[in-house]
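A single structure is presented below for examination.
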Amino acid sequence: MPRLSWRTAEIVAVHRETAHARRLALRVEGWPGHDAGQHVDVRLTAADGYQAQRSYSVSSAPATPELELLVDCVPDGEVSPYLTREARVGDRFELRGPIGGYFVWTAAYGGPLLLIAGGSGIAPLASILAYRAAAARGIVTRLLYSVRTAEDIIFKERLQSWKKDPALAITLTLTRSAPPDWNGYRGRIDAAMLREVAFAAAEAPLAYVCGPTAMVEHVADALVSLGYPAGRVRTERFGPSGEST
Amino acid sequence: MNTSDDANASRVPAALDGNAAAGLLQQIFAIDMTMAQITCGGCQSVQPLAALRLYGLPMGNILRCPRCESTLIRAVARDRECWLDLRGVAALHLRLSS
Amino acid sequence: MAADEKSPVSRGFVGRRRSPAEAERVPPGQYVTLDFPILSAGPTPHTPLEQWSFALQHGTQRLAEWSWPKFQALKQTSVTVDIHCVTKWSKLDTRWVGVTFDTLLEAAGLASPPTAYVMAYSDGGYTTNLPVADLVNGQALIVTKFDDAPLAPGHGGPARLLVPHLYFWKSAKWVRGLSFIAEDKPGFWESLGYNIYGDPWKEQRYAGD
């Protein structure tokens, strides 16, 4: 594995996902490719030399030539407001990666696979699901995705297309408000919801939980209380974000 | 992954985890450290580095035990040098690729 | 401080909300912010005030100790100062209330400090070292109020050290005491490559600066 070095990324497309989330398609010189679930470090440099650095999960499938990052605008943030409101096609910044072998899933790990996301925590799981759709459709998988309102659902089109896979079950829960015709869950993910939605521990599932820190810790603890061995629950905590459960 | 834009005056940034330290540590060790099994020198519990609680950004990376909050790893890395304190780690277990 | 010359500039990126300010108030390499970013080396401690105390220590000898009510009964001083973080943000005209180091020495019955250096120590294990010469004559306070309100836990409450003429990592949050030491010794960040002294006007950010 080579030592990490900073590469230049150029924005080739910006897509609106929700009112405050954007996905950026990037061309990165010499990009070596990534495993599903990995992330990158992003570094911005201002004209006067000031620098700021953050990490973002790669939301695209491993084999695509362009990298995709999902950025959620954090109020009063320093980097995300720039990436979601100012950055445009042609802009450049530095990027280092891919990073992180812990939160990776590959078909060799097997299933059944439980993916739980809060808000923008869907980003690394989107990479896992895209990889799975291309290379491992047979693995029985459940996605549980928690957002505040229906307008905050990220990757709506991809969720629609993934839903067609009979081996993949997608469950959504809205924590703040739901439209009158909503037939998903309501409220934060808790042990009761997981008892209904998650695989039984006896099936020896592998779980990946990603989202705001408080949500991740609550869900991971609940899974362990349902009998999941701690080593079979992989977690990735975001900081507080505009999206919280 | 979405490390916090921690600028809000009244909001303490929630702890990230060792995943967010992966880049800095790979810069130092030239290998992915997130899956290293870390034995806490304080309470002897063992978890992957990715599951440690991360503080100290942006001055450095301070990784603490999620069970007892002992400081396990302290790391500061700039472009051309780094500082590392591993005294809090009783043992570090890594699989080496063949 | 200039960026690595190889780093491409990200068009339109500025960073934290900036505020224009007179150049002479801003140390080199700093940017004035309207925010008040929080940086912590660990989780926020929550020591109940009934259990809180502040001490002056010399080796194993406790020179003085104040409970919260006793500490609040000491002479309180209000200051308005600029603060400068090594991560490059500066905040101007911050207002604090607390007890000066001079008041503490006097209340402890110390005609002069027993050594030339202190190590400040905090709940959670944080430490930072300072020369006594940088604490006397009103240069340092133990503050309990910020902006007319009790100091919030995230910003170091119930009490933090305030030494505004040095980089703000020296203003230890959750401070519980000052330990007089014979020789200067690096504290938490100083032992990880940050400057042993930390004068923002000489841009002493890192060891060797």
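Note that the chains are named A, B and C in the order they appear, and that numbering of residues resets to 1 at the start of each chain.
The rule we apply is simple: a contact is a pair of C-beta atoms (placed from the backbone, for glycine too) under 8 Å apart; a residue touches a chain by one contact, two chains touch by 3 or more.
Quantities reported herein were computed from a predicted structural model and do not represent experimental measurements.
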| item | value |
| --- | --- |
| Chain-level touch network, classified as line, ring, star, complete or other | complete |
| Most remote chain, CA-based centroid, reference being subunit A | C |
| Most central chain, Cα average position | B |
| CA centroid of subunit A to CA centroid of subunit C, Å | 38 |
| Distance between chain centroids, defined by C-alpha means - subunit B, subunit C (Å) | 25 |
| Whole-Å separation of chain centres (CA-atom averages), subunit A against subunit B | 21 |
| Subunit A residues counted as touching two or more neighbouring chains | 52, 76, 78 |
| Residues of subunit B touching at least two other chains | 6-8, 11, 13, 15, 58 |
| Subunit C: positions in contact with at least two other chains | 16, 35 |
| Contact footprint of subunit C on subunit A as seen in their complex | 6, 8, 43-47, 49-52, 76, 78, 82, 86-87, 91-94 |
| Partner subunit C, residues of subunit B touching it in the complex | 6-13, 15, 53, 55-60, 62, 64, 69, 71, 74-76, 78-79, 81-83, 85 |
| Subunit C residues within the subunit A interface of the complex | 1-3, 6-17, 31, 35, 88 |
| Sites on subunit A touched by subunit B in the complex | 1-4, 39, 41, 52-57, 71-72, 74-81, 96-97, 99-103, 120-121, 123-124, 210, 212-214, 230, 234-241 |
| Of subunit B, residues touching subunit A in the complex | 1-8, 11, 13-20, 22-23, 26-27, 30-32, 34-35, 47-51, 58 |
